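Naming follows writing order (A, B and C), and every chain is counted from residue 1.
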Amino acid sequence: MNRSNTYFATKIILLSSLFLTFNNVNAEVDEAKLNIYTVNYPIKYFAESIAGDNAKVTLPMPGDIDPAFWEPKAEDVIGLQQADMILLNGANYAKWLPKVSLPLFKLVNTSAEFRDSYISLSEAVTHNHGSGGKHSHTGTAFTTWLDFSLAEKQAKSVFKALSRKQPKLNASFVENFIPLQKALLELDTELTEIGGALNGEALLGSHPVYQYLRAKYKLNLESVHWEPEEAPTEEQWNVLTKLLEKHPAKWMLWEGVPANETVLKLEALGVKSIVFSPTSNSPETGDFMTIMHENIANLKAILEKK
Amino acid sequence: MIDSFYLAWRYIVFNRIKTITLVLCISLVSFLPFALKILLNESEHQLMSRAITTPLLVGAKGNSLDLVMNSLYFSKEKPDFISMKAIEKVMDSYLAVPIPLYTRFHAREYPIVGTTLDYFEFRKHKVAEGRSFAMLGESLIGADVAARLNLKVGGSILSSPENLFDLAGVYPLKMKVVGILQKTNSVDDKAVFVDLKTTWVIQGLGHGHQDVKKIADESDVLSRSDKLVTTSTKIKQYTEINVDNLGSFHFHGDPSIYPLTAIIAVPNDEKSATILSGRYLSEQKNQQIVRPKKVIEDLLGNIFQIKEFIDAVVLIVAIAMVLAIFLVFSLSFRLRQKEISTILHLGCSRSTVVQLIGAEILIIAVFSGMLCFSSLLVLQYFQGEIVHQLFIS
Amino acid sequence: MININSLELSYGTDEFRLSIPQLKIESTEKVAIIGPSGSGKTTLLKLISGIIQPQRGRVEIGEVAINELSDPQCRDYRISNIGYIFQDFELLDYLNVQDNILHPFRITQSLKIDNQVRDRVKSLAEEMGIADKLKRLTNNLSQGEKQRTAICRAMITAPKLILADEATGNLDPSNKTKILDALFRSTDKNKATLIAVTHDHELLDRFDRVIDFKQFCDGESV
């Protein structure tokens, strides 16, 4: 979307460790459960895994919408303001962030450590009005956790934030964090291997959410802008056909299970569908790890077919 | 004795213009030194109480007094702006927590203070009615603003243009009042608080407008391609942020250079404060860090020097006034010589004549004292406001 | 009875010299004093009332030798026993008619205002024809009304001796008669002695006795 918004989600929110220092001074929350809010499911999963019973972790948006494009109402924001800690994804993930007021002290940008590695998007709409002259809206790719080495860093950031907030529980947090870290690094290793094995196999993404996955695991992946539950328009099919001419992919990675009709039509073009869900929002079944394992298993299917 | 007062009173009432003039002169001369003392005490109290509770201030290099006065008391003297990068400097130091302030705009005569919610936690302010601001365009107003503008939660307040001929196209922003702060007996009672980003919207750095892809009137579109829509200036810009158009609000340019007037830096401890201050001395060319307490102490030092001078002037004026009053009385008694001799001829004793004159002086003194005292009471009641107007705004 | 003996008074070096070997005025007698300006008529009234003291001689009012009293005693005596009507009324402009009449009561400890005194103010004012003017400031009075007020002030203590200095001097002829009538009525009512300095020769017939002051310049007895 745009650089400016990225700024709010990154630069302003650099404060993470500092807020905690401030909070340590000003808030004695040792007795009660920590009230934590997150902006997407992966961060919620990390926080729940590390904090265990010591925190109540809330993902404030309804389960059926993309958390990145959630538009909170004032009541939602008031809920967020009451939190002890608000864990952000960073990378301009939460588009609503510049439009709401949250206490800086409570914000923790889990991706601050690698903010220089954010992937920029080139898609833009330029318009001209007001006093600002001609300007464009560019953006930042935000599904950072699909690079599991980055996911590990985000989890570590959550761990640090929790430890600073409640130093007495540090041992418990360490105990919980180590297996999570291990699991994430294993996913990273596994995907690195798969990426290597795919060896430049042309792949399609149904939606531009796989930038970090593509970059880290060296996938030869180009994305269209389709929704799993919506039938693509004629124009979208034409774009795909053109894309296939220069990028002869045989597999398309979907965020969710695509409509049968679309799957069949794709197969007619020689493109098979597999699901690789970013799990931005809470899954109906399973959790972050089980879904990521399913995603990897789905990718492995390509290798098997290959 | 009673009759002496009765006669003196009749005389005073008959010569009311002369009496009023005398009473005013005496009251004024007695009032001035006390008033000065009250105002200075109040200014010291107002200035110091806030300065003490604000450990460090970061702002543009230049007049440190302007910086402190603007940041602590929202005075109209604006320091040069610093950019959002300055926040990072403080953050990266890990020595203090920054609270940004942007106090450039006004709503009527009340300053609009762009900050974050942390400000209220830092100042320990509580919301009396409604809630704190949560969304872009919402405002939390001070108790006096609410009282004087008769604003309630759910009302709105309009930002004022910076000047009458503001041709830069910055529209006044209608801000929804979502909360009223408890009375704090500080300048915060006379401020309109909004999220920092809302002040940038007022400035025009962020705005909301019709979706350029969905413009119905094609005459507003100058050119259109897949990636570029160029529109005319007729495109509708929103001057109020509400649920319906909030989605269209966005910011332009590089926010790292977005302006601030100051940052309140809350250091972890005294050592951190010292280290941070040292860094600004050695590293920062365009920014300064000041301890408001020190700046205000210097200011008060100057004010008290001025006070000594004023005291001397008041003393001279008082002496002159006493002489003048003495002259007035003696001239008055000379004019009344015939009357006094009549009284004496009637058989009045000299001591009664003295009593009559004494009663007259006493009545004038009592009236002057009462006027002086009541003026001082009034002054005391309004001292906060007066000091704010005199020394702060 | 007023008895003046061997009274002598002079100002400066022979600029003014008053010498009265003897002067007797009976109780309830109404005496007019005439004489050229500067002959000492007003001075005589002041000597009788104790406002000024003679260099020599004695002034007795009844049993009291007024020039032998101490200053406070003299003032006390004067305010209680002598009604003095000044040449220019000498009313106080900041007091209304009533307060001017009551003025002697307000400037001495020895006289107290009570209901009787207030009633007396009313009856005096009625007698003088200024009952409806009691609340007026004296600035708003005519000359006649001012003089009536001054007479009321002189009479309020019911004095046995009334000294009137040109009481009719500033009045038109019809007012002169009226004021003199009022003054005489009051004097009679109080059984008081009246000594009036006057230039109005046409009024002299009404007095019991007329003393021409010219004689005292030569030191004659009366």
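Methods note: a residue touches a chain if its C-beta (ideal position, glycine included) is under 8 Å from a C-beta of that chain, and two chains touch if they have at least 3 such contacts.
Source: prediction; values computed, not measured.
**Q** Assign the assembly's chain-to-chain touch graph to one of these shapes: line, ring, star, complete, other.
**A** Topology of the interface graph: linear, an open chain of contacts.
**Q** Have a look and report which chain pair racks up the highest count of C-beta pairs in contact.
**A** A-B
**Q** Taking each chain's centre as the average of its Cα atoms, which chain lies closest to the overall Cα centroid?
**A** Of all chains shown, the one whose C-alpha centroid lies nearest the global centroid is B.
**Q** What's the distance between the Cα centroids of chain A and chain B, rounded to whole Å?
**A** 47
**Q** Using CA atom averages as chain centres, what separation in Å is found between chain A and chain C?
**A** 118
**Q** Report the inter-centroid distance (CA atoms only) between chain B and chain C in whole Å.
**A** Computed value for the inter-centroid distance: 72 Å.
**Q** Among the residues of chain C, pick out those that touch two or more other chains and give their numbers.
**A** Answer for chain C, listing residues that touch two or more other chains: there are none.
**Q** Spell out the part of chain A that touches chain B in their complex, as residue ranges.
**A** 2-5, 7-8, 11-12, 14-15, 17-19, 21-22, 25-26, 71, 73-74, 77-78, 81, 98-105, 123-132, 134-135, 137
**Q** Going by the contact rule at the top, pick out the chain B residues touching chain C in the complex.
**A** Those residues of chain B that touch chain C are 3-4, 6-7, 10-11, 13-15, 338-339, 342-349, 352, 356.
**Q** For the complex, give me every residue of chain C touching chain B.
**A** Residues of chain C touching chain B: 49, 51, 72, 75-80, 82, 84, 86, 90, 92-95, 99, 103-109, 113, 137, 153.
**Q** Sort out for me which residues of chain B touch chain A in the complex.
**A** On the chain B side, the touching residues are 84, 87-88, 91-92, 94, 96-99, 116-118, 121, 131-136, 138, 168-170, 178, 195, 197, 204-207, 209, 212-213, 222, 227-233, 235, 237, 243, 246-247, 249-256, 266, 268.
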